[in-house]
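So that you can tell them apart, the chains are marked A, B, C, D, E and F in the order they are listed, and the count of residues begins at 1 in each.
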Amino acid sequence: MSDFASLLPPTYKEEVARWVRDDCPSTDIGGFVVGEKIETAHLLCKSSGVLAGVPFAQAVFEMMSLEVEWLIPEGTLIDVSSSASKKVIVAIVRGKCRNILLAERTALNTLSRASGVASQARRASDVAKAQSWRGYVAGTRKTTPGFKVVEKYALLVGGVATHRQDLSQMVMLKDNHIWSAGSISNAVTKARTAAGFSMKIEVECQSVDEACEAAGAGADIVMLDNFSHEELQVAAASVKSAFPTVLIEASGGITESTMHLYMGPSIDIISQGSLTQGYACIDFSLKIIPNA
Amino acid sequence: MSDFASLLPPTYKEEVARWVRDDCPSTDIGGFVVGEKIETAHLLCKSSGVLAGVPFAQAVFEMMSLEVEWLIPEGTLIDVSSSASKKVIVAIVRGKCRNILLAERTALNTLSRASGVASQARRASDVAKAQSWRGYVAGTRKTTPGFKVVEKYALLVGGVATHRQDLSQMVMLKDNHIWSAGSISNAVTKARTAAGFSMKIEVECQSVDEACEAAGAGADIVMLDNFSHEELQVAAASVKSAFPTVLIEASGGITESTMHLYMGPSIDIISQGSLTQGYACIDFSLKIIPNA
Amino acid sequence: MSDFASLLPPTYKEEVARWVRDDCPSTDIGGFVVGEKIETAHLLCKSSGVLAGVPFAQAVFEMMSLEVEWLIPEGTLIDVSSSASKKVIVAIVRGKCRNILLAERTALNTLSRASGVASQARRASDVAKAQSWRGYVAGTRKTTPGFKVVEKYALLVGGVATHRQDLSQMVMLKDNHIWSAGSISNAVTKARTAAGFSMKIEVECQSVDEACEAAGAGADIVMLDNFSHEELQVAAASVKSAFPTVLIEASGGITESTMHLYMGPSIDIISQGSLTQGYACIDFSLKIIPNA
Amino acid sequence: MSDFASLLPPTYKEEVARWVRDDCPSTDIGGFVVGEKIETAHLLCKSSGVLAGVPFAQAVFEMMSLEVEWLIPEGTLIDVSSSASKKVIVAIVRGKCRNILLAERTALNTLSRASGVASQARRASDVAKAQSWRGYVAGTRKTTPGFKVVEKYALLVGGVATHRQDLSQMVMLKDNHIWSAGSISNAVTKARTAAGFSMKIEVECQSVDEACEAAGAGADIVMLDNFSHEELQVAAASVKSAFPTVLIEASGGITESTMHLYMGPSIDIISQGSLTQGYACIDFSLKIIPNA
Amino acid sequence: MSDFASLLPPTYKEEVARWVRDDCPSTDIGGFVVGEKIETAHLLCKSSGVLAGVPFAQAVFEMMSLEVEWLIPEGTLIDVSSSASKKVIVAIVRGKCRNILLAERTALNTLSRASGVASQARRASDVAKAQSWRGYVAGTRKTTPGFKVVEKYALLVGGVATHRQDLSQMVMLKDNHIWSAGSISNAVTKARTAAGFSMKIEVECQSVDEACEAAGAGADIVMLDNFSHEELQVAAASVKSAFPTVLIEASGGITESTMHLYMGPSIDIISQGSLTQGYACIDFSLKIIPNA
Amino acid sequence: MSDFASLLPPTYKEEVARWVRDDCPSTDIGGFVVGEKIETAHLLCKSSGVLAGVPFAQAVFEMMSLEVEWLIPEGTLIDVSSSASKKVIVAIVRGKCRNILLAERTALNTLSRASGVASQARRASDVAKAQSWRGYVAGTRKTTPGFKVVEKYALLVGGVATHRQDLSQMVMLKDNHIWSAGSISNAVTKARTAAGFSMKIEVECQSVDEACEAAGAGADIVMLDNFSHEELQVAAASVKSAFPTVLIEASGGITESTMHLYMGPSIDIISQGSLTQGYACIDFSLKIIPNA
């Protein structure tokens, strides 16, 4: 099984540390009450979904000098209905009581959201498999400020593509860029001056003509934006026949229930903002086991 | 109208700056394509809800040296259905084209989430008004790591209480604290040693007896956790008759559709994690107006 | 014995690290001279007082990878006059010689100040005990910028209340707030909108009428500011009889030698800026033991 | 008049910003009550002393976008007894009411401490003048962690020397360094390897022999530590006659009342830890002027 | 003319600020000597080369509140030999004297290095033009830690490609990756799982067979590493005929004097570490004009 | 052998951490490909020179939790020509494969530059020894922004003096300071007010008269700027005879090939900007050993 934790940058632990500090800016009277006795706690999953966010929760616990044993690996689809208590033990956490409580809320808030994203991504990935479609389902930059690193990572755990992480990772030219540059060709040419060979260029297009202009100017990817699914297939086939190596992305108003309609043979990428925006969360809790 | 922006700490602009930087860690080739011509853009609301997050979006725009004119004030319930285009202009943004695009995604991501939280909070607040209930609907600490400042603020815009911001602002003693301290009384007494008179102490209780022990030991608030709504009213009345000045909070599995059942005369606070977790987002976009 | 170190936030070690770095911004030629041989040093107390600041000194030593054994616990009243050398060994520090010297000055500067505050707080606390008064002696926000976390903590070690840590922890409404809001009632009502149930509200009052208006509007605490001690007792009794649950704070020009006069039955809190401003320091030094 | 503000590093405003943020980590409900109306406030001095800390207070006010007019220049000896109200207006501050209150406490805490240090330094400087002594009265590294920049600066405003700012600015070799290096000569020689010609080297000595060894090995300054004032003059004269260009520092237990005894013709420097430790503070307040 | 400043991320000014602070960690006695009189200075170029680094120098000056008028635009080839004084005025800087001196060294150090890189890049670009070769001359990741943003930017000013900025911008698979993954095909396939469609994948190859395996597995670019220039042309042609859309990079021991030999029709990219390592610097100085 | 690592400040590891993070701001797909298997790598030197930068490379490896065994100590002159492979193993690095690759480029870039500076410094130092000259060869502040700590340190490893680290470590008065202050004497006197006895003052002089004015006013060092080597010796002798204890620095256009001409008996310091600017680099690489 792939370990996506290996692609997190060295900086992610600093963001995690910032979250923990943010939850206790001046005094921790609860911590003073419980003190530093060593305790053991169970991390419980209480609603069904794909477990995601383990490296972030791990970093929270490590920051608080806690030992963690994960019983269920990242990416597992957990089904709580099979448990009498409707609760599944995901990990065992051990360390100073005060530290467990300082870590608790940040760890749970991270896991619940990462698992929410991954669960939704897994469902989208399953639709593609059911359609035997070979393209990429992908997220967008519609992520929560300050929490993007978790949401993008959770997309991968769920089985879909992150799309670009940020403005520095791939060039995406939209209407604003094209107006400014005067034409699609101008915009692509200027972008290539700085992008060189190391970054891909994508252009958001409203028609087959625009898509062909973009591809002709050297775009690597063209997005057909807000087409109906019937029009999309025709348009995409037309672009592909002229530019076989260009990738075609469909985007705009595509939902979990309609995405199968867009999964045609000339479509390479289907992106959905809803994968990282307005997603449901999975329920987790942390319970100290008395006299463990 | 109240201006909740005045209660944001001086630090919130630094978090905003971190979000903007996070979206462009190394190069901005899109910015290179559009350059630094002065352009004007419309910030559009495209789905109905309560506008929230204006000070954060303002900070994003200011960081990028953009001028903004807000046409609709924070806290307004926007109804896009009354517009033919289903879009309402919320603000006019003006400045260097490159800078508009650097600000765009962070501003939109913030507004869509803040407005999502405020919209849900407004609905909860409306339920309380419809019931003529005088207590507090409140959020919890189930917030997105790194984004709490926005979500807590949006609760206030929506009309509900933030509950404590973090572990340093109010003492909440739960099962773990009580086990560690030996009893509810011990836990409250120890907490008071450090809290002094300046912080409130709340205790999570499973029974009327526990609630009375907590109130007797000096707790300011008792939470009756996971009671059915019928049992809750009886229990709360019993605690109130013994300790008239203690506040009583109901919590646990309360949803938008069931909350009216909990709004009894002895209940002072009803808290819901769902106000800041798994909320729907409001749709915004930013469009540059050619030749504006 | 209570361990107040457990209520320090995770951030305090970062402040400590900043202090250490601040003492050596570019080169450490003294460190180059002594090198990295392992040495043992004695941390000595050289003037009598209450030991405080141990967790901060510990953090300094840990940052420099030093091992420390504390022979005297935090909060102990050390009497150096009983020692022939007028010096008491407080701790034994062991590690690289260079690192001991990098830690030395910051650790000593912190301990001498924290112990100075705690010593004074202990004397104030002793006055209250001698008077059999049950209220809170408390500090204020008159703390050293950048060093508040130590001074507030040392108040607790000395046995008095911190009062609010910062503007975010309790609401205090003074003349400026009242003018702005138009009246005490308006100011309290507006504050409650944002404070909800989770934060206390205090109002600084110049008369019994103002105090009663504040209490009536929902203030949790009223401060009777700059009253003579005779007038104070009468005024406080009058407010208490009307509002038995409101807390009453006396403040303004109260010193160690006059505080006993203010400790009446209707007074709950006596605050003194001098507890953290202009305090005397306790003398400490660190001596490497040759051939230890 | 000299403007010592010009020697503060670009970083000092960042420390100031940290102090302000530290006073309001999450919410500012007082600020919410007063809002953003423009108000004018008087900064008042309420006890006599040398005004110091103006650039730091200025930075606090600027951070909060306030305008300040200083009526009394840095370094002035203010005598409040000549005023009927025992208060002297030092500056007029103008801006958003909320911002004035966010700046208030940090500005006052800084001024009161800086002026306390400068007042004491001025008295020490006056003793030297009265003795017609031409050497340097100097501070030490016994400063408050995180607040050193203010205390060292205030020494200059008061008229005495800062001594080294930190371990990186001058080399000071003490007993620990000498033991480690084997001898005073070895220690000085090794230090010179790294110090080159750009940093001075001082050696703490217990005898004339040690001082002569240090000077002979190339030390720029020798400290005669804990000598009685009678012995000191003899020892210093002896060292000077052998090494006329070496500077001689007296240190150890010298107080304001005894320092004149140490001011002999062969003494170049008298340093006192008490100049920045345990100093009294000057009293300041900030009052908003209604309807100004 | 293209303005490459528009592709610098919002963060670059923070790095610049760090450099300036680094040059004055505690006190600025030189600044104290000159004070805050307004002065005018000339920024002079004293050796011939391509001017680069203007946005960084501009940021230094802005940080110190200085006004700058640039007389020569970024990217200009300056020839000082045509001036009698062998000096060309590049910009006029105006502001507080102290601030000019605080900015001076950081601005000069940046310009001299950026212009050194750009001058060398321009020469490389000129070789390609002379050969009528249409591929990319490119830098590598052999940049100075902490100064990469300047060096990569200067490559663009000089007219060559940056190659990837960092590990997050393009995937480069080398021998270590291939050993770990078991084969080139495995490594490319695994990389594609995480890279999706938004990042390019390059593989370092030792033979035509390896290059064809990489291209067949989906690599976008293959590097032919350390081939002689004769072998390179044959190998590249062979790979191109099998995989016409794959890009081919030549690397390893290529210098300014040999690069023309590698510029064949099947070669798309020639990368050289020496473009950002061991480069000569251009000489600049800043002179205050008395009585300007 | 001297261990110059002991004079690096506690902050240098933070700069190193910033460099590593800068190389991987968002995702590490290469790391994902290789995963976290434990591997062993050889750090190889591939061109002859003085090894320098070991503590920085060590910090890079430690940040990535790698173990390193250094086979060759800092400061060694490595001669690769004696090895058949023209490669010398400098260190063995062991740890997670992903982490080795995250550390690789930053470690190599640091070592190659530090060793380049040290190699050049060693040659300069050897010239002085060959001339039996006892003064200091020294660097300047012409260092790479953000990388100064490495370059200054490497000068010491190579055997020459760092000169001042920054504006806060020694006072250097140049033409601008002198114009502003009105005269050399005024400038030195004013500087002494703030510098006290703890910092040295140097003055840049254009003539013997200026040098004597500076020395007479209390300067510790005078720089004779841009003198021919013949004039320099005469001028220096003249200044020395009048002020035997002042140090004399020669600077301006001195190169490795001409420096021996400046090494006269009255010259104490010869500084060269080229020691840290435009230096050649030493070639290093890191190779994972399969099945090690």
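Keep this in mind: a contact is a pair of C-beta atoms (placed from the backbone, for glycine too) under 8 Å apart; a residue touches a chain by one contact, two chains touch by 3 or more.
If you're wondering where the values come from, they're calculated on a predicted model, not measured in any experiment.
Shared contact partners of subunit B and subunit E are A, C, D, F. The minimal number of chain-to-chain contact steps leading from subunit A to subunit E is 1.
Under the contact definition stated at the top, the chains bordering both subunit D and subunit E are A, B, C, F. Of all chains, the one whose CA centroid is most distant from that of subunit E is C. Note on B-E: its contact pairs, compared by residue number with those of A-E, D-E or A-B, agree for more than half at D-E. In terms of the distance between Cα centroids, subunit B is separated most widely from F. Superposing the C-alpha atoms of subunit A onto subunit F requires a rotation of 120 degrees, rounded to the nearest 5.
Averaged C-alpha coordinates put the centre of subunit A at 45 Å from the centre of subunit C. Subunit D and subunit F, compared by their mean Cα positions, are separated by 32 Å. Taking the mean of the C-alpha atoms as each chain's centre, subunit A and subunit D sit 53 Å apart. Note on chain placement: the centre of subunit E and the centre of subunit F lie 23 Å apart, centres being C-alpha means. For subunit F, residues touching at least two other chains, in rising order: 2, 4, 7, 9, 24-29, 31-32, 34-35, 102, 162, 165-166, 168-169, 190, 193-194, 199. Within the complex formed with subunit E, the residues of subunit B that make contact are 17, 20-21, 24-29, 31-32, 34-36, 63-64, 98, 102. Subunit D contributes residues 25-26 to its touches with subunit A in the complex. Of all the residues in subunit F, the ones that touch subunit D in their complex are 2, 4, 7, 9, 136, 138, 156, 161-165, 168-170, 190, 193-194, 196-200, 221, 245, 247, 268-269.
On the subunit D side of its complex with subunit C, the touching residues are 15-16, 18-19, 22-35, 37, 39, 97, 100-102, 105-106, 108-110, 112-113, 116, 141-148, 150, 166-168, 171-173, 175-177, 179-181, 187, 190-191, 193-195, 199, 277-281, 288, 290. Note for the complex: subunit E touches subunit B at residues 2-4, 6-11, 149, 162, 165-166, 168-169.
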